[in-house]
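One structure below.
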C-alpha cells in the first residue's frame, strides 16, 4: 500500500499564533488513522488546512501524489478529500434531502448519486425516515449521521472527521464509531480527530498525538493506548 | 513689506487701466450643473451662453465682451455660498446670476447683498426672495402674479364649482406654488374636495388620484414640475378621470405634452413664456437655442436668456470706471430702470415692498399669458 | 495682507464647514468608538439646527442660549429613542437609526413651524470662526479626556467584545446610551452653528445622503483616534472644491477616492501605526515586541 | 375605489419587490448591504434607453440586453471591490461604504455621459393598451410590470428552492465555510449571485423607466431607500420575505395615502420600519440568516 | 460561597441543563468536569448572568443572582475567563487590565474633565494595580504591547489578570489550560494555586483529567446536563458512572 495523503512540515498560523508548528505524517490508503490531543492542540487547524480553508504558512500536502496545498476548498473536495467539520456543520435551514443532495454537489453522475443515496440510507435508516425535515430539527445524533451521510454523498476517497463524538450520548458514540468502521471496511480511508482518545485509538490502526501544534507521539492504535504518557495525559491515569 | 505693497498697487493700477479700455466684463453665473437640480441649471446655463454669444457677436458692450464666469453650485447651500464668495471676492465679477433654486438664494443672497453685489435670480419663484435686500433681483415671475389669473380664467371657461389639489410637498418650488393656489382658491371661494401630496422620486400617483376620483372634482389643480405633472395626467386618464388640470409655473415645458400627449388636453397654464408665443423675439430665441443646443428650450432657458439681455441693457446705460465697487453700485442702480422686450415678452422690474422697514430688491413685473393645452400643444387662450 | 483678507472673504464659509463637519464626524466617531453604527446623527443635526434657528427667529433668544438648546434638544430625543433602539446590533441598528432619520426629515417637511420644504430663511448670521473653533476645541478636549479615562476604555472594550466588557463590570447599555446621547449633543451643536452662518436651513440637508457623507468622513479619516474623523471631514468638505476644475466628472473622482481608500487603507488615512512605520519611526508596533 | 387602490398597491408593491429581490439576494449570499444597487438600477435604465434610441433595437431585445449589461456591471463590482474586501475579512461596514463610492461614481458617470436632464423612451417603445373593468382601470404596461416582476420572482424563487444551484446558494447563506467543504465554489457563486442580483436590479430600472417615463442619473436614490425598508421588513436575505415585504410596503404606502394622509405616506413606511425593528429585530416576515463562520 | 440549586436551561425544546445542584465552597479550588457538550459552559453563562435560567436559582454568598445583569454580578465579586479567550485584542495589556478595574474607579465627570488631582490619583493607582496584576502572571514587561501580539498561553494569562482586576472573590475559569503543553500546564497550575492561596475562590471547568485531579479539592461531574457525581478527586475517579460517561466504555464493543 502507498500513502494516499502525505503531509510535509505543515505549519499554520491563526492570527499571530502559530497553531500548527510544522507537522508531517502519512495516511495509508484504506486505513483509519486517529489524530488525538487536548483542546487547542491544533487538531482542527490541521484539518482545516488539509481542506484548503486555512492557508498554510509553510509545508506541503500531497493527495494521491498531487500537490493540493494551494487548491481552493471546492477543488480539494472534487478530488475526493472530504471533511465532516466540527460541530457537525449541517445546514440547519435546509431539509435532510437537500443536505444530502448538496453532498453530491460536485458529481455529475446521476446514477452514481442515486446509488450513494441508497448506501447512505442503508448506513443510516433514520435519515430516510426524516428526509423532508429541516436538518436543524434533528437530534444531535441524527445531525451527526446526516453530516457523515452527506460527506459520503461526495463519494470521497479520504474522509476527514472532526470530533464526531462531540456532545453525543455514549450509546450514540458507539453507533457512530461502528459506522465508521463499517465505512472503512468498504475501502474508504479515514482520518479521525478526537478527544475521545480511548474510542478513537481503539478503532484506529495508527494514531498521532498532537500537543501545542506538534506531533509528540505516534504509533499503532494499540501501542498508543498502552503508552503510559497517553494514559496519564488523556485517560486520567 | 513695502515691495509687496508696491506690487499690489501696481497690479491694481494695471487692472484699473485695463478695465477702462476694452477688457472683458466679468459676470458670474452660479447654477446647479450637477446633482438633482442640474436638470434646471443646465438649460439656464445654455440660455446664458446663447445670450452672451449673441451680445458678443454684435460687438459686446461698448467694445467690451461679456465673460461669463460659470461655477457649479450643485444645489447645495454650503456650496452655493462658497461659489458666491469665490465669484465676488476672487473672480471679482460685476454681478452674479443665479443660483438655480430658491433655497440656494436664501443661503447665498445675503452674502451678495452684504458685499453690495447684485444677485440676479432667473428661476427663483419663492416668496420672500427679494426681501433679502436691495441687491437682490429676479426676472422669474412669482406664482402669486400668475395663478390668480390662470385660476379665474379656467373657472370661467369650465364653470368650475369644486376642485381637487395635488402637489409635491417636499420641494420648495411646488410647495410654494401650492401655497399660492390655496390662497387663490380661498380668495375665489372655490371649495377643495381633496388635497393630495407626493414626494420627489415618486413613480406612482395612483393612490392619490384614485382618492381624488372618488371626490368627483370639476378640475384638478396641480403644483408640480412638468415631468411629474405629465405622469400625473397620464395616470389620471388611465384611471378614468376626465376632469381638466390647472397648472402652475412648473407646467411650462415642452416636456409636459411630449410625455402626456393628448392626456393633458384642456389643461390651463399661465406663464410669462411659451414655446409657441409668436412674438419675433421669442421665435428668434427658440430657433437659435435649437440650433445651438439641439434641443427644445424651456422656460428656465428663456428667462436666463432674457436676464442677460436685461443686464446688457443696464450695462449699456452706464459708464464703467474700472473701480469695482463703484461699477457694481452703478450697475445695481441702473438695473431697475431697464425695460426690454425679450423671449418672455415685455419686461420691467417692480420694487419689492419694504419688509420690517428694510428696503427690498426687485421682482419681475410681467403680464402672464394664459394657455390652454390642445392636441398636445400650448395654444394662447383667446376666451372662447 | 489684502491677499489674506481676500482669501478669508472667499473661503471663510468653507473653513466654517470644515469645522462643523469635523464636529459631525466626531459625533459619529463617538458612537462608532463603542461599536454602534448609528445613522441618526444627521437627524440630530437637523433637530439642533431647527431648534436653534427657531429660537433665534421667533423667540429672540441670544445666540449662546440657542446653541445650548441645539445641544439639549437632540440629546433628549436620543435619550428617548436610544433606550429601545440600542438593543439592536450591527446593520439592524444602522437601519433603525436610518428609519428614524427619515421620520424626522418627513416630519420637519410637513410641519408649519419649520417652513416645510421651503425651510427657514433669514436666520441671523451669528456664528463666527471663533465660535466654531471654541466648540470644536472643547469637544476635542472633552473627548480626549474621555478617551483616556475609564469611560474611554469601557467604550473600546465594548466595541471589541460586548460580552467580555459586561463581565468586567461595565454597564454596557448605559455606556452605549451615553455615547449615543453625547453624540447627539455634538451633532446638535454642529447643526446650531451651521444654521447660523448659512442663513438658511431646509430638510433636504439632513437626509440619508448626508448621514452617509458623515460616516464616510470617519471611515476615510480612520477611527483609531480623534485626528482621523477631523481629517476625513476636512478632506470630504474640501475635495469638491479642489476638484472643481473637473466639472461634472468630479463625482467620479470623488467616488473613486472613496473606493480606493477603502480598498487600500483599511484603517483610514490617519492610522498612527502605519504612519509611524511609513516614516521609519520604529517597526509600526509598540515597543517591547 | 378600494379595488382600484388594491390594484395600485399591487403595481407599486411588485416594483418594490423586484428591486429588493436583487438587493436581498446579495445580502443573503454575500452578507453585504450593496448600496450601489440603486445605481445599477439606474444604469439598467440608461442601457435600455441607449439600445433603443441609438441602435434602434426593439424593447424585446433591449430589455434582456440591458439586463445582461447591468449583470456584468454587478459582477465587475464584486470582482474588483467586494472580493478583495472579503479576502481581507473586512467588517461589514466597509463593503457598504465601498458600494457608496461605486454609486457616486456611477451616477456621476451617467450624468457626465447623458447629462442631468430627464430622458425618456421614444414614442412607440411602450405597449400603449389600456382597458377598464367596471370601476377599475388598467394599463397594459402596468400589467406587464406586475407580470414580469412576478415571473422573475417565481423563476428565482423556484431556482433557489428546487435546483442544486439554489441549494448551494442557501448553503452559502447559512455558512460559506460549510458550503466550501461540500465542494461548492463559493467565490464563483458570489460572482454569479452578484450578476443575477444586478441583472434583476437592471430590469427593475428598465421597467420603472418605462412606467414613469423619466430616466435620470439620480433615479436610483428614492427606490434604494424603499428597497432598504423592504429587505429589512422581509428579513434580510430572505427571498420570499422580500416579495411579501415589497407587496406589504406597497400596500402600506398606498393605503396610508388613500385612507390617512398622502403627506405621511413615507413617514408611515419608515415609522413602521422603525417600530417593527424594535419589536421584531429580524423583520416582519423573515428570519435572520445567521452565519456560523 | 456559590450555591446552585435546581438549575435548568432549555434552548427551544432542547434541555441543555436539568436540575443541576451543587455548592462551591468558600476558598479552595472546585472543578466541574464532563465530556464536550455536557453543559459546563452553560453553567458558567448562567452564573455570570449571560443567560437566564429556565428553572432554578444561583446565589452568591447568600444573595440570589436572579434578574441581575452580568456587570452587576461581576461587581458582586464573580469574575470569569473564557474557553476561547476573549481579550481585547486592539488594546494594550495594561489597558486590558485597567478595563477590569472599571468598577473600582470612582472619579466623577468633573474631575475627569478638569483633570483634577482625584482623577489623576485614581488613574495612577489603577495603573499601579494593573501593573501589579500583570506581574502576578509575569507579563509586566510587556504592558504597553498590543494584546493581539501575545502568544496563546500569554493571552490566557492576560485574561486571568484581567479577571482578577475586577476584584473578585470567586474566579470562574473555563478550560484554563486548553492549548497548552505540559510544561505550560504545570506552570499555570502553580499560578492557580498561588491565586487560590491569596484567598480567591476558584471554580474551574476542565477536560484535562490530570490537571483537574491534581488541582481541585472537590469536583462535580456533568453529563448530558445532569450532575452524575460529586466528591473528592479520588471519589470521582473511581465512580463507575463517571468512567463510563467521561472516558467511554471500557468494552468498546457491542452494547
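Details
We call the chains A, B, C, D and E, going by the order they appear; numbering starts again at 1 in every chain.
The definition used in the following text is that a residue touches a chain if its C-beta (ideal position, glycine included) is under 8 Å from a C-beta of that chain, and two chains touch if they have at least 3 such contacts.
Since the structure is predicted, the reported quantities are computational estimates derived from the model, not experimental observations.
Common partners of chain B and chain E, by the touch rule above, are C.
Greatest Cα centroid separation from chain E: this falls to B.
More C-beta pairs in contact connect the chains of B-D than those of the other pair, out of A-D and B-D. Put simply, the C-alpha centre of chain A and that of chain E have 32 angstrom between them. Distance between chain centres (mean CA atoms), chain C to chain E: 40 Å. Averaging Cα coordinates per chain places chain A and chain C 51 Å apart. Shared interface positions of chain E, i.e. residues touching 2 or more other chains, are given as 149.
Contact with two or more other chains is made by residues 108, 111, 221, 263, 266 of chain D. In summary, the structure contains touching chain pairs A-D, A-E, B-C, B-D, C-D, C-E.
Residue ranges of chain C in contact with chain B, taken from their complex: 2, 6, 9-14, 17, 109-110, 116-119, 121-122, 125, 198-205, 240-241, 244, 247-248, 250-251.
Residues 164, 167-168, 170-171, 174-175, 177-187, 289, 292 of chain D are the ones that touch chain A when the two sit in their complex. Partner chain D is touched in their complex by these residues of chain C: 37, 84-85, 87-88, 90-92, 95-96, 98-100, 102-103, 106-107, 110, 208-209, 212, 215-216, 219, 248-252, 254-259, 262-263, 266. On the chain C side of its complex with chain E, the touching residues are 142, 145-146, 148-151, 153-154, 156-157, 160-161, 163-173, 285-289.
Remark: chain E residues 35-38, 83, 148-152, 155, 175, 177-182, 184, 207-210, 213, 224, 237, 244-249, 252, 255 touch chain A in the complex.
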